[in-house]
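As written, the chain order gives the labels A, B, C and D, with residue 1 at the start of each chain.
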Amino acid sequence: MSQSQWSELVNYFRGRSMWMLHYCTGCGAIELPPVMTSRWDMERFGIIPMATPRQADILLITGYLSIKTLKRVVYTYDQMSTPKWVLGFGSCTINGGIYWDSYNVIDRLDKYIPVDIYIAGCMPRPEAIMDSFIKLREMVQKGEAKGYEKYTKNYEWYKANQDHVFGRSEPVLRKAEEVTKSA
Amino acid sequence: MNSNLIWLVALPLIGSAVAAIVVRYKFLDRLITFLTFATTLFVLFSVHVGQSYSWGLNFLGTTLNLTLNVSHLSIFMLYISIAFGTVLTFYSLIDHSRMKGFLLLLILAANNWIFMSNDMVGFFFAWELMGWASVVSVLGGREREKSRHAALYYMIMSVSGSYSMFFGIFTLWRLTGTFSISANIAYLSSIVGIHPWWVLGIVSLFFVTFMIKAGIFPFHTWVPLAYAYSPDAFTPFLSAVMSKYGIYGMLLFMPLSLMERGFPSAFGGVPWTNYIFVWIGVITAVLGTVLAIFQDDVKKLFAYSSLSNLGYVVAAIALFTPVGITAGIFHAFNHLLFKGTLFITLLAVISRSGTSKLSEMGGLWKKMPITFFTFFVGIASAAGIPPFNGFGSKWLIYQAMIKQHLPFATILLFLASTGAFMYLFKAFHSIFLGQLSHDYDRVKEVSAVGKITEFFLMFAMTFFGVQPGYILKPIGAIVKSMGLKPLPVMANGYVTGMFSNIYVPLISWSLAVSFTLGFILFFVSAKHKYVSQENNYTAGQIPEDWGLTPETYQFSWNFYQPVEKLFAPFFRIKIDGFFRGTGDWTKTIGSAIKEIFVGNAQMYAFFAIVGLIIFVIAGWMA
Amino acid sequence: MSIFNNAALLIGVPLLFAFSIPLFGLISKQLTKWVTLFVIGFNATFSLYILLAHKYPAVVVMGNWVPPFGENLYIGPVAAFLVSVISIIGLLIAIYNLWAIKLGDVTRFSVLFLMFTAGASGIVLTGDIFNLFIFMEITGISSYALAAYGPRRRALGGAFKFLVVSSIGSTLYLLGVTLIYTQLGTLNIAEIAARINQTTPGLLTFAGILLISGLAVEAELFPFNGWVPDTYTGAVSGVSASLSGIAAISGVYALFRIAMTVLGRDGAYVFTYGKLDLMTVIAILATTTVIIGELSALSQKNVKKMLAYSSMAQMGLVAVGFSIGSKLGVYGGIFQLVNHSIAKSMLFLIIGVLAAAGLGEKVENFRGLWRRSPFLSLAFTIGAFSMLGFPLFAGFWSKFAIVGASIQRGGWYDFVIGLVLFASIVEAFYYLRIVTYIFSSTEVKAPKIKVSLSPAIPIFVLAVAIIAIGVYPNFIGNFSMQSAGEFTHKMTGYVLNVIPTIVAH
Amino acid sequence: MTILLKLIQGIGVGALSIAVGLLFIGIGRKITARIQRRYGPPPIQNFFDIFKLLSKRSISHGFAFDLGLIAGFSALLAAVVFLPMGQINIFPHNSSLIMIIYLMTMAYLGMAMGVSSSGNPNATIGIARALTMMMGYEVPFAAVIFSVYIFSRTGSLANIVAAQSGGFLNWNLVRLPFGFVAAEIALQGMLGEKPFDMTIAPSEIASGPMVEMGGKYLGFGMLQHSIGLFIETGIMVDLFLGGASNIWIFIAKQFVLYFAALMINAIMPRFRIEEGVSFMWKFPLLLGVVQALIVVL
């Protein structure tokens, strides 16, 4: 069995069992229970929620990320072991959504960690989530979901962006004017 | 007349005299101790079963014959005790605790004498010698004041014990007119049918002593104190060897198969006196286990663990069936091996970390890997996990109990062994696993001598686990010498109980194969990378943000706290309180009596006159 | 009956020098101590010669008046053995005194000490109950004065109590002697012993009670031992040592010479003539003494007082051994008596040295003594262990024998020995408390204690003796066994050796 | 030659137990899903999971971590070959039940050592709970074991099975009903199903022992669980359901037991740990003791 066939096999199985760590920061978390439970039942695709990043393959970010939460997200993403994929859930992860001009909420999640699939909408319906899962499975089985490799390749760039915003997470009162300037 | 026997006693005495002279220079002291132990072991090779030696002591008006006599039991005991002592003293060459070598040698002399003596004078002499030498050795642990109290407490218990034996010895002497142990036991077994209560009374005088020395249930209170606060290098000997003297004594008297003829049997054909004794053993086992689960001082924890193991032994030998005796002696040996090992590793750990509190240690396994693995093998044996030693004996004990149809005792013993697993893992985790504190960043592994000792002990535990036959054969001889039918045991470790058989090497092979498979599977599957202990899943939180360090955030030691209140009844058992109460009561009476001596001449004159008058009246009445 | 008059020197020489010591005192006070030393040294060598050359049994006859007509000294195994023990311990204490006795009237101290030793030897040697009384008085009076020696006022108090109680004792004794004399018209122990059965039982009982009570004072039996704690504590350590090491021996000897030889009746167990068996009485007294002594020592914080109570209790143990009345029991008693004198005098000497080094007498002061003076610590430990009867030390064998004897006798002695053993547990506790203090550490750095030669010699010798006896008990054991024979078989053992012609009535 | 044969047989049995265990878990997931009105994953889902996990990168906290996990897997593999299952009984004379139980104890020890060498407090809490729970359920189980021992006068599973031969009425299920109930409850605790799953409480302590395990480590954990499931149900079958004439019936009986456990699992909340232990020591222990009394008297 050649290398490529082997990797195809591996990718097939990976697609069949994707375990998910859902990082529920925003209002979008309310859409997950229907996805997990009897209405849409994501387990039939072998997708089950997991407790720790060590065990998970998918990192599902539901909604907006303030700078402090972003720090946690990056930490968690670093703790996941490859192969690992990120689903950005809802407009907030795409462009900040209704927090587009907030001084301490980031827009564009994929400036900081590589996002494989964005789920548009505020907020997306469970069907959308299921659809994204299926899309992700196809990508994985085709071997296209390579976000984690992009992250390792361009690590400096991601790191720079992260540090830039983390710099703003210092206590607000101390350097208020700088914060307002950057906003 | 084999004069090599007397050397077994004389050599240690001479060595201890020499060591006492150079006691100021610790290393010299330890060296002489080790050499003496080794030489004694060497002399022991020339000793065979059936040899005897006796010399006269012009005393008590007649000439006492002090006789040494080598039976199967004694030579077994001699080998295991002296061999372990040699290993321990070899380790203690690099040890810095306040153990005094010459005292250990005194105990060795007493040890050999006790195991060989066939007359009660010598037995008592050696017993007392061992008693005071061990008490003085207990002095000078790390916490001086506590060890002082422990020594006092131990002293009182042991002295009371030996006085009760004193009484028994002379009562037998009055009855038989001889001090020879074998003759007296023969006498007892001859009259046990006629006066069972007499025999029970006399024998219980002895058994009190043995139970105190072995730390069996009502008299267990000194054990945790003496073990926890004795010098770290002495504790292994105290726990591994000295707790066996009591067992040896009981075995001496068991061949009466005492009550068997004298007393009606309780359940399962066990005479009710033995039955009570079985339950005493079971209570000891459970009590020791439960108390050990909640200790924080690791030496105390293992002291209670020794307690429970000796409970096993007593319960087994009290059955006085072939399986029971075999299992009991086998477990005594296993306990000597693994508990000695555990205490030696503790000695290593404590000498490096400087504390014996579980709450202050942790994560040392990367710093002291060899000690870690020795300890691992040790607790595996103590938990009775095949293929290490300690499994076979526990298994045999269950067989023996079940054969006598004592399910409830067996259930409790099983509970004790599960609990043993709990506290053993607690100690294991809190010392070696878990989060390493930065205080121990510069902790080093023990030096070469220690490494050698630990490797040897690991090997021994595995070897006797895989090949129990090498121990079970001599035990079979002992059982036969007690007039019972020994178990069919082959040297290759095919052990057969009454209920089922195990073939220990088979277990080891299957384990070997499966571990090979496990490693293969491990290495063919995807790669892993090593991360530091600080890199842990902490719910996305980086502890430093909260001013927390991993030592504080990832620190966990108080196991089993949730179930503590389940065991509240056990903590209310206050035997200790009873003894201390007696002591205080005596003190009160003493201070009251002291008031007689008012320090006033008239009063003394008055006493004298009153005494005189009383006598006169008495004379008048007579 | 072999005659060996030179043995009179054992009493004569010390007394002679005692009265001539003031002359030496004119030359130098130090000289007197050396003279004492040499005189007692002579006693020691001479008595040892008698003992080892086996010159006994022999009789010393005054002016060729053979007993029972004249006064006589009798040197039996007991006398030879005990005199040697007395004079050896006296010698060692005299060596100690060279260093200890500096202040005050050294000359008179030497006089008294010599008289004391002479009196004690006399008690053991004499064959005449009235001379026994005289020697008791010599010993007594000199020991009051000795006990009063020293700077401390409490010494005076102790000495006074001793004086009062002891004079009562000797009065009672004298009364008893007169009663016997009115009955039998003789004072010779051997003759009385032979003819004791001719007295009227009631009167004999009364006389016996008087004698026993009188002698129980010196033998430290309750309730006649009130003086013990204060006197021992008050006196300087050398004197306490000689009281417990020498006076105790002579006291116990006198008590049981009267109770067993004079009043006693031979047999497997010795009982006494008369309506009341005085051996039983003594046994009860002794047991009470043991219990009371140990229990009072238990709650004692002052080590010296603790030792005093302990020696009271030990005397009780000795008396228990004797009172069993079997050969084994008496053997144990004598053995225990000797061991006790050795160990206890050594302990007192150690206390003296420590006191001189400024160490208090409280138990707490002993904390960490091991660091300050290993020699004294080891010696103290050895003494204490011998007291407790641990093996490898002398005390083991004697305690072993006593317990064995009483259980052999059985009956209510099982109960007695049970009480005694319980008391020994208590004893173990308070001795071990001191020992554990000695080996436990101190926070404060205390200076080392220097022990000069003259106290070191006796302590060392005594410690070595304890271990030697413990390892090889036969040497002392043989002498004790012979002595036991003299006590238990009065006719063959004593009377016939003094007056071969007499027949028992 | 025979050694080689035995070796092959042993490896075969190990593979079988793994396969059956994984299949059971998969079916269990399906059934639970159906109870919850879900569609549920395919029954072979666990094979996908295992393959994925073994092929996924992972982190380790050191050698003790690796060794512990391997030991946890291998010890059970070593234990399963002694279990008589139907006509497959590799070592007929060495099927002492206590020996098997102690071999399984080694697996727990290894697992515990591995995960707690990571120093993660969640893992430690999980282990502490697991050990405590173990003490909880092993006491009633011991009561049952020893009453069966005394009842059928033998301690080896093979002989116990032999003693039950000949019809349904000879099964210990019928002979020792109380013991069976007690053992069934103990089994619930052994399998770590609700209400005794406080060891792995994903919402409280982040799946407890498994918190630091990813990739092949989690895979080993799953393998260990599946073999454990096989052994524990197998022991129950041999003890009470009269063993089996051939392997398929054996597996069927095992599945019946597992199914009952699933049913309870699906509808139960979770005990607190001390509640769990005290429950185990009340009702099942009482039943076990009653059974032992009946047997002895």
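In the analysis below, contacts are C-beta pairs under 8 Å (C-beta built on N, C-alpha and C of every residue); 3 or more make two chains touch, one makes a residue touch a chain.
Worth saying up front: this structure is predicted, and the values here are computed from it rather than measured.
K.L.:
Indicate, using Cα centroids, the chain positioned nearest the centre of all protein chains shown.
P.N.:
It is chain B that sits nearest the middle.
K.L.:
Count the C-beta pairs in contact for every pair of chains, then give the pair with the highest total.
P.N.:
Looking at every pair of chains, the most contacts join B-D.
K.L.:
Between chain A and chain D, what is the gap in Å from one C-alpha centre to the other?
P.N.:
It comes to 37 Å between the two C-alpha centres.
K.L.:
Per the centroid of Cα atoms for each chain, what is the distance between chain A and chain B, given in Å?
P.N.:
60
K.L.:
Between chain B and chain C, what's the gap in Å when you average each chain's C-alpha atoms?
P.N.:
Result: the chain centres lie 44 Å from each other.
K.L.:
Where the CA atoms of chain C average out and where those of chain D average out, how many Å apart are those spots?
P.N.:
Here the centre of chain D sits 79 Å away from the centre of chain C.
K.L.:
Indicate the residues of chain B shared as contacts by at least two other chains.
P.N.:
Those would be 535, 537.
K.L.:
In chain C, what residues contact two or more other chains?
P.N.:
Correct list: empty.
K.L.:
Among the residues of chain A, which ones contact at least 2 other chains?
P.N.:
Chain A, residues with two or more chain partners: 52-54, 79.
K.L.:
Which pairs of chains touch one another in this structure?
P.N.:
A-B, A-D, B-C, B-D
K.L.:
Spell out the residues on chain A that touch chain B in their complex, using ranges where they run on.
P.N.:
Touch residues, chain A against chain B: 23, 52-54, 71-73, 75-76, 79.
K.L.:
Please output the residues of chain C touching chain B within their complex, sorted ascending.
P.N.:
157, 160-161, 164-165, 168-169, 172, 202, 205-206, 208-210, 212-213, 217, 222-224, 226-227, 229-230, 274-276, 281, 292, 294-300, 327-328, 331, 385, 388, 390-392, 396-397, 400-401, 403-404, 407-408, 410, 417-418, 421, 424-426, 428-429, 432-433, 435-437, 439-441, 473-474, 477-478, 481, 484
K.L.:
Inside the complex, what are the residues of chain D that reach chain A?
P.N.:
Contact set of chain D toward chain A: 29, 33, 36-42, 45, 48-49, 51-52, 55-59, 202-203, 206-207, 210-215, 218.
K.L.:
Residue numbers of chain D touching chain B in their complex, please.
P.N.:
Against chain B, chain D makes touches at 7, 10-11, 14, 54-62, 64, 66, 69-71, 73-75, 77-78, 81-82, 91, 93-99, 102-103, 105-106, 108-109, 112-113, 116-122, 124-125, 127-128, 131-132, 134-135, 138-139, 142-143, 146-147, 149-150, 153-156, 159, 206, 211-212, 215-217, 219-220, 272-274, 277-278, 281, 288-289, 292, 295-296.
K.L.:
Which bits of chain B are touching chain D when the two form their complex?
P.N.:
267, 363, 365-366, 372, 376, 379-380, 383-386, 391, 394-395, 398-399, 402, 405, 407-408, 410-411, 414-415, 418-419, 421-422, 425, 428-429, 433-436, 497, 499-503, 506-507, 510-511, 513-515, 517-519, 521-522, 525-531, 533, 535-537, 539, 550, 553-556, 559-560, 562-563, 565-566
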